[in-house]
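Same chain, two partners: chain A is paired with chain B first, then with chain C.
Up next is the complex of A and B:
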């Protein structure tokens, strides 16, 4: 590398020097140094509360640092608002997209551009977008309404928006959380092209494997400080996890100590419709044995929510059989199923898993208040409730000011601990866990996984619904893949590849030899959904990219 | 630019709740003072007259309490319904139906004397509860908005009473007046001395408040009611039987308003009278009672006394200060307005914004944990 013109000699694209940001009672960022070079994907890793979001806010002009300096291409930068950031060439693709859903892609892009004419705002857009789209291998339908786009497509619109605004440095906040593995690959290709053009990318993620695959440099934040700054080639997942958490973290598969037992849950030809009568599950077959974790994979909205609702009694199936230890329980309500040992870690932990305005102690018995010792006839024995709360807060290390604190004020991880303590603390037969680690930090995720393994080892049947393939591959024995309300395949988690599962998630059964999965092939298969969208998309995506 | 930012706060402390409530009432009183001034009445002088004739005078004080009795019963019932977020606006109609049923017993049912009053309360409770059943069923079965159904049924009740006192139940001895016949002595509640304070109803109101408070705090039913109110999704997940729970709580809520109606006919009027005289909007004022009490049944006893005082003061304003009768309604409206306007103070707080930051609300604050 020529010494004079090498990357070391040029000032970095974006630089933070000793940036400190304090909030009342907490130092969110403590003397943070960060250098993002041109042509580099720089990953920012850290637990919840490590200071990533504050850092991003400062880079995007949402907050001003208390101390330290921001430099771009060696020039000091004073950002007073996102407008300044955009003008300076900093773009942000937030985790929750900032798009007007009812408007078209073109209108959304026009809205983001400063030089949009007042009349016919979208007229001059097509040429510019086409050029960009071609350069980055995007396919974007400018006339499509945002509401009709998949999460992956919306993300591409956000990236386009940033590029149109002239972003030299692009910040991506948890970009793959809503994507299939194939879509994630396409995103990484785009990032690759941005690198080639000399732009810089800041990738915020907690998926270690992904960071290692895409990033050139990795900065790990913990408690607001930079605890590690390494080249991606010089580190590994265990190393990064240790930096993030500050201690050794176990990763990877841990097999059950003994083989699975009898069939606990048997689902046969299950059909479920939504409120409008549209089919959401179409002839699903499923088995979970005692002492086994069965994963359910799929892109959001392919029937996972309906499956967990039916199994836990929140929804009534339109047809089919659900057997629990041989007894037909289809159509039974939440209360009966809970009494049979069906516990549920719901997807929506803040609205469904707990009543946010109630006390921690009350939420710890939310579903168990009809059982001894909490019920005394028609009364609630609050002394037993309080005693139980003290125990659960201690055993699960729930961080709460007291058992009487309002549950809404706890952090996400601690709300989940309340739910786990309640659901897994009693007799369990079938555990239905829906996205149990979504949004949790490494330590809380680890605890959640340990508890699910503990359930498995204790002889419970566990059904784990997740969009995180790593989670499924680590925990599950078998993985059932749902696509449009049907099971497109069942794979052995020990041998399955992410790619194979990704194809099944997109409705492509080629990983199983092209033959339709015998029991899940139903008569109404071809009748539904004429090829109007993603059905044929994934095959093309997988072939081309 | 330095500025202030609005931030969500955690659970407000009891002191803050009391302070804000009292502050809201104080602002409403201040508004009332301005209103007096606009009518050419010196506010402080008006206040002196009102206090003298309502609180410092024994008879005046008894009027405050007797106005508070129906507010207590209806208000306590509403705290229960409002806890589950069943917005019962129909206490007025339920009160009237309770009065009708009690009058029916008093006028047409031959009972041994000692049983008459208890029978009137029981039948009044049941009739009002049945009146609330319709909206409850429509809500849980068909998702019909209870605010509309309960409100509309008020008018049905008002016209039912008007029809009764002008038609079939019109008194034989009182040609020309829209009254029923006077009740027998056995159907008339005792009062304290020469006041109109029908104390058995007051006792009932206190018992009702204690019972509702106990139900909410101690029983599984109450726990489930609170769950429904705090988070319907969590209640569904916890297996709460919405049908049964809603039915029971509406029956109790409407029945309590019915008891208030029984007290008015058996304790004050001694006959079924025109709905406008029977209830001076007690059922609506009870909504303010319940909300000002922050849906706490025991606190509703206190807030009912306060609004009873407002109603009794209205009488004084009319008689002694020559103000129009509608002034009571205006004062009540002011109180309600101030309470609702003060609500955000309990939920949010102002903090100093970070320096030079243009913060959209979703991006504000330190990292979410």
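Up next is the complex of A and C:
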């Protein structure tokens, strides 16, 4: 099966043969075959629930396969724990980093290494780290506490950890989800370096473009089975998406049918501080018109959460104006804003979106239980609630055993459908959607995107906060980029490049023609002449009103 | 002036003796909580240790044998908490509270026949050679003290060193900060946590044994009198640091001592209230400082660990 690029005599670095893993009620992996050669980046592609995680857990000794064999360099391998996996030369950079935040980098490394001395465990580390860091072009401060590091830096600590342990095969689970495009490129350089050294990389991802850019071979999983194993050069995004989903998938932009209308949301010079008084938003200007989707891009933690909280009434701004359909609403609470048509698809759907212990039917009316037809005086009309629930479950295809099922037990996609049905089911003026497709499978993502477009076409103003640039580029009309609580730029989604947005996400305003460390005038000062760079005129102009 | 100095020195000397059970129990709890487990059963483990220590010392005539029994009793009681709260992932707070209530009840029942009989061979005051003759420090801390008081100070230093400068300490702290990371590093999280809990039990057992074998060589129902709870507060007040625990325990010891020696000036109820009032104050101060972000509880404190959950 493998093309004759390498000597056939040499067994693959890592091989799975007919591996099956069952959980009560599900076959997570069904007779999976996988061969990872030395010197290749092997992408493992699949939707949520396709069995990627289980496969990784088996490769890393966290779970034992029910059937099948695992081989390394042709030798059978029995992994009973991560310790075994590491001893065999398998490293894992998990999606959620396995780092103690209050430990220093050195302490985290010492914890993971098998040959850490019993006394003064972090001594001798510096020498070993320096050698590696130089080879891979890292910069690591061993004495820094992990809590002070950026996501990209934390990831480098994880990779360093695996390399120090002598990982021959490195598994990376969704490694770019926390990175700017530039940081992602640095990561790919490191992976390239590992390839040169004859190691193998397993890249778990659902980002097709990224897989095509770095992987040599791609294995696609669907429903626990391998549905395709191809060379990256022999395939394209549409092909991979079809394998992943099992049918054709629409991709790309669908422009709004008509130009945007009046300004519905206008935010001027908005300042927000956190509990400790640290500024989280610093003089943000933005506006969203009726029939328009405005995207908000940025690396997590640059003020997106605070922005959505202020706009939905969960947080009070320290200064600035928020106008909704011409009325100043800054400082109004959640209920007042909801009455004005502000709906919220929150970032953390299980904590903020639903009351997990309550029934689906109850969650479907949570915000509207005081309005007709659900309220009857001070009482709730349960018949109306149940009837509404039946309708919503049908219309949104919510997979639930019944309207009385406990919401917590639904899958992530179905919890999101409950939220979408509730928030978008009534009158809407401003839709604030935060990472609406995060962790959803392709079908649920499509539905979410369709509903947001529907809102746009219906004349609502949609503010879409996302870390997924593809989502923003596909959906949004304009993209506002936040960096450290300031708008570093506003670009037209139809013409913007990922690279330009990536630079803005890192605080570099050169894509808009400004000096890298120039004050935020370009994007933030409404009086500023937008035409710094003629090429970006429409984009910058939109940002500066 | 001389009188005042003498008063200060005797207050310090008594403070050290009084702080000893607090220090031992607090050190144990610090290790337990650094490993990510809360054990509210300190009071219960102490009282079990006090009774076991007294009974064995009274029967055998050897207070050190009694201390071994007190330690074992603390370990046994802690093992129950470890089994429930760590292995079976029961609610840590309920399990610890149950341990305290159980310990107080059981010792009340078993100890009935021993009440009011003085221990025939208690631990004695001793002078520490060399250090006893140092001016000021000698009379304050090194003359006429119990061996366990000094061992407590030594234990604090050793524990600080172990926690911060050994692989063992790194492992213990890691299971308390991020058990998933420790698990991924090949640490057996539940086992480490269980052992930490039993270590805390041993320390609480010693603290209880100190009460019935040295400080008040007798058995009395409920003789721990809330010290276990103060030790719990001390662990927090000391920001989970063994060296700070020395000063925290001495401070509380001094407060207690003063509440006795100043009885003629203030209502005794007011003074006995002071240490507890101070505990509340200490917790509030700690909470405020934690808000500032510089210090804080171990991140996974109180969270049971099960692989695969986040």
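Quick notes on this one:
In this section, the second predicted complex is superposed on the first by the 507 of 545 C-alpha atoms of A that agree within 3 Å, B and C clash if a C-alpha of one lies under 4 Å from a C-alpha of the other, contacts with A are read in each partner's own complex, and residues count from 1 in each chain.
As a working rule, a contact is a pair of C-beta atoms (placed from the backbone, for glycine too) under 8 Å apart; a residue touches a chain by one contact, two chains touch by 3 or more.
Quick caveat: nothing in here was measured; it's all calculated off a predicted structure.
Of the two partner chains placed around the shared chain by superposition, chain B is the only one that A:52 touches, whereas chain C remains out of contact.
By the touch criterion defined above, A:353 lies against chain B but remains apart from chain C after alignment on the C-alpha atoms of chain A. Contacts of A:367 after superposition: chain B is touched, whereas chain C is not reached. After overlaying the two complexes on the shared chain, residue contacts for A:133 are found with neither chain B nor chain C. Within the superposed three-chain model, A:110 lies in touch with chain C and out of touch with chain B [touch as defined at top]. When both complexes are overlaid on chain A, the residue A:333 reaches chain B alone and has no touch with chain C. Considering which of chain B and chain C touches more of chain A, the answer is B. Touch criterion met: A:82 reaches chain B and chain C at once. Judged by the touch definition given at the top, the superposed model places A:119 against chain C, while chain B stays out of reach. When the shared chain is aligned, chain B comes close enough to touch A:344, but chain C does not.
Comparing which residues of chain A touch chain B with which touch chain C, the overlap comprises 62, 81-82, 96.
On chain C, the positions that touch chain A within their shared complex are 165-168, 170-171, 173-174, 177-178, 180-187, 291-293, 296, 298-299, 307-308, 310. Put simply, chain B touches chain A in their complex at residues 10-11, 218-224, 226-227, 230-231, 233-239, 241, 354-360, 362-363, 365-369. Only residues 62, 81-83, 86, 92, 94, 96-103, 107-108, 110-112, 114, 116-121, 275-276 of chain A touch chain C when the two sit together in their complex. Across the complex, chain B is touched by residues 23, 26, 28, 48-54, 57, 61-64, 80-82, 96, 312-314, 333-335, 338, 344, 346, 348, 351-358, 362, 366-367, 369-370, 375, 378-380, 382, 405-406, 408-409, 411-413 of chain A.
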